[in-house]
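Look for subunit A in each of the two complexes below; its partner is subunit B in the first and subunit C in the second.
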Partner chain A sequence: MRAVVIGGGLAGSCAALELAARGAEVALVSAGPGSTALSGGTLDVAAASPLRRGGLPLADAADGRPLAPLRRLLVAHGNAAHPYAALLRGRSAALEVEEARAALDAWLAPSGLRVVGSVDETRWLADVRGAVRAADLAQSGSGEGDLASAEEIALVDVPGLAGFDARPALRMLAAELASIGLSRTLRLATLELPAGLAEHAAAPARLARRLEDPAAQAALVPAAARLGAPRRLLLFPPVLGLERVDRVLAWAADATGCRVAELVGAPPLALAGYRLDRALSAALARAGVEEFAGRVASIEEDAGRAAAVRAEGGERLALDALVLATGRFVGGGLLERDGRLAEALLELPLYDLAGRRVDGVRPRRLVRRDYEGEQPLFAAGVRTDAQLRPLAADSKPRLTNAFVAGDLLGGFDPARDRTGLGVALLSGRRAGIEAAKC
Partner chain B sequence: MSRGLRVQVLVVGGGINGAGIARDLALRGVSCALVERRELGSGTSWASSGMIHGGLRYLQKDPEVTLHSCVDSGAIQRIAPHLVFRIPFLMPVFPDDPIGPELVEIGLEMYDRYQPFKNGRPHTRLRREEALRLEPALSPRVECAFTLDEWGVDAARLTAANALDAAERGARISTHTEVVELSREGGSGRVTGARVRDRLTGESWRIDADLTLNATGPWAPRLAALAGTSVRLRPAKGIHLVFERRVSNLAIYARGIDGRDMFTFPHEQNSMAGTTDDDFYGDLDRIDVTEDEIAYVMQAMERSIPSIRRHRVIHTTQGVRPTLYGFGQSEDELSRDYEVIDHGAEGAPGFFTIAGGKLAAYRLMAEDASDRLCASLGVREPCRTATTPLPGGEGALDVEALARRFRVAPAAVVRLGFRHGLRSARVLAPAEGRPTPPRTVCACEPVLDAEVAHAARVEGARTLGDCVFRARLGVGACQGASCAGQAAGLLADALDWPAERCAAELSAFAAERWRAAAPALGGRHLAAFEIHRHVFLGARGFAAEAASRPEDPAVQAEDPTP
Partner chain C sequence: MRGYRGFLRELSRTGGARALSLQLRTGAAHLLRSLRGARAPDPVALFFRNYGADGFRLPDTERAQLQLAAEACLVCGLCSAECARAGGAPLLDPRDAVIAAARLEIDWLRLGLSEPIATPCAACRACTAVCPAGIPIDRVQESLARLGREAAAPQVATPAEIR
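On to the complex of A and B.
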């Protein structure tokens, strides 16, 4: 059985790895880093959004009690347009998430990246600006930084580090903790970089790379040792290693004698997504998935089935099953073609949150003045059946052996409801399972 | 809380005219206060092209305007050399142009006579091959082309520099402060100042003034009405498109489908294209760029630069010119002249309005208006604005030395120098002696953290949005996605903002960038805003949302349905 996956983000990678695990011969075509590579370290299956409108609620509307992420997941599921509705129909949400988490954890583990957390409990993580995320699953690095489980929290200021200012972050974090009712001692701890490292502070990726070097770590030990205090959680800016965060974390814990973690990243300081992207690539290679760099020019069809994928370079990949995980605008799955919104490869019909058809509409007409409110353009995507097969305008599967995963799925606005990588994880894995049946 | 202020002149409006007049008066020793409802230079001044050109376009009908503009362009170059930059123009002639090269050249020969006033070189005529070599993006249909010299200026910084100088000479500058009502003297009806309100703190106070000047640009009729007087304008809307990068080496003329002249020119890291000129009767506080306007400008640009649509429009600017009232066949035919109106005859002595005019001649207009005000006050001091340098314009900046001293990239110092001139050292000074050098906050331009902090600590920037105008923060390719969070932190430090305020500022900043970018949204820009939204909505914390305003149903109701 030959499968082709288009898209190398979390959704496409999970589909390809699931297919490979089921014995398929898999080719993955990737145009390059996309949304996954820009992520900050949380996987957000059902993270609560502070947004009053359009987010998943932090607390139960009826009794005001905090909702576990699993309950929030079911809230999203209750919205018939959300991809979770199709993914979880007739399945146990808890089991579905746990299986996906365990699978991803196993795929990433050889690269030193773990998936921590669960949907049973909210994991309170702080980001580089000091805003608090009500997270569930997170990758190691930021995932170890649960604020609720610490008595004293210290933000690590690295003077000169581009993209990070500890003092305003600390002030924001204090306000955040007060607003969610967590009372913790907050401090600032300054890590002075010695010569040889300080020069790299202006380029965080380079500093992160240098911190993986045992010689650089040794030079930093005296400064790091001064950060430690009993029962303190040290939150570092997300520069603890470019690829091997596990090793740098272990070193930092040892050098400081404290629990250590990274702050959740946000552009321009977001290396976690890069790590995830690299670890997924390594997992694909280990699983024998052949990765092709480039763009797909067209999909050949034969009697209602996808028959082959033709790359822009001219190569042809014959297939028995196809997974589309091309993302939205960042990934290239959606684009403006001749002034109109279109799905890139199959001209699939697209729908917004309210179920309105939006393909063929000028993008400009799909935006609203209220920036944070509902923006049909940024909730647009394809519709699928329960097997994740993309639907044509007549609500029948467009191709019987094609499956859709990730952001290309419509019916949700990941920036608002914060379910983006969660959808990628659950739908990617499900698409792989379904495709393997072809 | 109430406080009072007593001055000789109250200037209402902090655009280039108001700031220019406040400076002129301050230089003559006249005490004055300036109130601006939003940020300095954020209205029509920001929306202008920033060209201080002589106005080749006005040569035929308004040679006076051309002369004034050219003379004053020269003056601005002397007092603020750092803010001014030469823009060589290329004027292509196409076979289907209504005016052939010979006639064009006659016009340019006339214009050459004005060039010495503004240190411009005379025009040259290029053969087709020469033009294409100089500007490969030019349409190969070009028959021949002419070069001519114009000058550009950072209009928002020019406004800020005028206000800053005025403040240093004793003027009271209050931004985000609006006039609530004009004070009147019983009987005579004399305008004796105003009650003003700080829109950020809600605090209100009285400013008593011998004279009150309405320099509110397109809003002039509204303020005039508060004094029971009237000002008639023919408000004309103009938009510009801002491209993600420089789309041409030189500025290039383009012709609209209706025959209007337009142009695109490189400015900082971007290129701008425009402008339109359309009667505007809508809400001045809500000027939206329409699809039609964008299509009209793009169509014109495409004729000169066929590849223009491959470039991404990252945002638009829009504004309304306070053109003097008059009937004319097309808006372009209307005068760009100005008027200083004494409303004494209308029963409002002590109240003046300045209306009309052009950015290029702002200094001359300010001189004229100040002369009138001084005459009324009995002040005999002469105008000194043509010879007294603006802050930072006192001399040339040694970029290399500064870069070495403060350990920053020369490119960053060059950018800083464009806005602060010789005062760049002062901007960087707080970083001296710190273990780490100033950092780049906005990589698009680049903008240093020291400049953002300086804007808040020294220059009086009060919101994150103010930094768009003060430091060009967030107007590059990423529209603030990378820099706004960090800049908000710097401002929070400088202005002692609580976390909630910091988050509210970020939210407002994102909404404003969206407002500027959404009209031109399309193509690869869609991906940029997918990221933009993730960054700004993702950065939102719980405290911030709790403190934010409840949703405004009016905003939603006015949205179009797809």
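On to the complex of A and C.
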């Protein structure tokens, strides 16, 4: 059984790894990093933010009490168009998420990345701008930074570090914590980089790589030791290692003598997404998935089935099952073709949240002048049946052996409701499991 | 747009009257020159006949293309990460290079470089391979380096320099 997965983000990787675990011969075609690589360190299934309009609710509408992530997940599930509705129908949401977490954790562990958290309890995590989110699953690094679990929180200011300004972040953090009624001592702890490291501060990725070097770590110990205090949670900007965050975290905990975590990243400081992308690639290689770099030119069809994928380089990959995990605009699954919105490979019909067809519409007609409001363009995606097979305009499966996973699925707006990685994780695994039956 | 910006710059530097007279002079000159050259068949030839003497040159088309490509930058930093992993030691971080190219406002001191870069990096192209926006970052680096080498002899006169 040969399977081809198009897309190398979280959804495509999960599908490929599930297929490989079921004995399929898997080829994965990836045009390069997509939105998974731009993620900040959480793997939220159902996150919410206190000071943000739209998205999943933070608290119960009736009694105002904070919702556990699982309750939020069920809110999304209750929206019949959301991918969760099809993914969780007839299943226990908590069990489904825990299975996915454990599977991803096992795939990433050899790269030193763990997947922590659950949908039963909220982790309050701060990002590099000081914004707080009620997170659930997260990667090691940011996952250890639960604000509620610490008495005193110190943001680590690294003078000269590009993309991070600790003072405004601290003010923002104070305002956000006040809005959720979490009272914690907040302070700033300045980490003066010694010569040899200070000149890398302008390029955070280079600093992150240098911090993996034992010699650099040794030189930084005196400065790091001054950051520690009893019962303090130290929140570092997300530069603790380019690839091996586990080792740098362990070193930092040792050197400072207190709990350490990274802030959740956001572009332009999003190394956690880069680590996730690298760890997924490493997992694919270990599982024997053959990775092809490049774009897909076309999909060959034969009697209502996908027969082969032709890469832009001319290579032809014959297949028994196909997984489309091409993402939306960053990944390249949706694009503007001749001025009109289109799905890139199969010209699948696209729908917005209200169920209106939006393929063939000019993209500029699908955006509204409201930053946090609903944007039909960013909610556009394809419809599928219960097995995640993409539907044609007549509501019949477009190809009987093709499955869709990740952001390409319609019915939700990942930018607003922040379920993008959760949908990628759950739908990626499901698409892999369904495809393995072909 | 460029003329307008030049006008504002002059206004702030030298006072309104001089700036206005300069704008009128260049405006009138432009009108006269376009009338005189109206029958020339080739727009490029027309351009040089009218403006070559003022020091204007055709823009570098490759650089213009690179600027256009660089404007697609998401500022995600993957190029920096990949560059660091590949062990590259560029004088200018790839992301900074792309941002500089997108703005085409290259101030070497502000970029933290005391002098223009001669050889930008090892040209391993790791940055280009990883860019989600498909920007040819290695070519951007090379183009900036070339710009730096040319910096000693400016190729394009700004309106403020026309006297």
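Definition applied: the second predicted complex is superposed on the first by the 432 of 438 C-alpha atoms of A that agree within 3 Å, B and C clash if a C-alpha of one lies under 4 Å from a C-alpha of the other, contacts with A are read in each partner's own complex, and residues count from 1 in each chain.
By our rule, a contact is a pair of C-beta atoms (placed from the backbone, for glycine too) under 8 Å apart; a residue touches a chain by one contact, two chains touch by 3 or more.
Treat the numbers as computed from the prediction; the structure is a model and nothing was measured.
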{"item": "Combined model on subunit A where subunit B meets subunit C, clash or fit", "value": "clash"}
{"item": "Greater residue coverage of subunit A in the superposed arrangement, subunit B or subunit C", "value": "B"}
{"item": "Touching partner for A:L38 - first (subunit B), second (subunit C), both, neither", "value": "both"}
{"item": "Which superposed partner A:L58 touches (first subunit B, second subunit C, both, neither)", "value": "first"}
{"item": "Partner chain(s) touched by A:R129 [first = subunit B, second = subunit C, both, neither]", "value": "first"}
{"item": "Partner chain in contact with A:Q375 - subunit B first, subunit C second, else both or neither", "value": "first"}
{"item": "Touching partner for A:R416 - first (subunit B), second (subunit C), both, neither", "value": "first"}
{"item": "Subunit B versus subunit C as contact partner of A:L366, first or second or both or neither", "value": "first"}
{"item": "Subunit B versus subunit C as contact partner of A:P267, first or second or both or neither", "value": "both"}
{"item": "Touched partner set for A:V97, first subunit B, second subunit C, both or neither", "value": "neither"}
{"item": "First, second, both or neither for A:A202, with subunit B first and subunit C second", "value": "both"}
{"item": "Segment of subunit B intruding into subunit C (one of 9-17, 153-161 or 315-323)", "value": "153-161"}
{"item": "Shared contact residues on subunit A - subunit B and subunit C", "value": "38, 163, 202, 267-268, 330"}
{"item": "Subunit C - residues contacting subunit A, complex", "value": "74-78, 80-85, 93, 95-96, 112, 129-132"}
{"item": "Touching residues on subunit B, where the partner in the complex is subunit A", "value": "291, 434-437, 439-440, 443, 481-483, 485-486, 488-490, 492-493, 498-500, 502-503, 507, 510-511, 514-515, 518-519, 521-523, 526-527, 529-531, 533-546, 550-551, 555-556, 558-560, 562"}
{"item": "Of all residues in subunit A, those that touch subunit B in their complex", "value": "35, 38, 40, 49-53, 58, 127-132, 134, 159-160, 162-165, 167-169, 171-172, 174-176, 178-180, 192, 198, 201-202, 266-268, 328-330, 332, 334-336, 339, 356, 358, 361-373, 375-378, 414-416, 418, 420"}
{"item": "Parts of subunit A lying in touch with subunit C, wherever the complex brings them together", "value": "32-34, 37-38, 163, 202-206, 208-209, 242-243, 267-271, 274, 293, 330"}
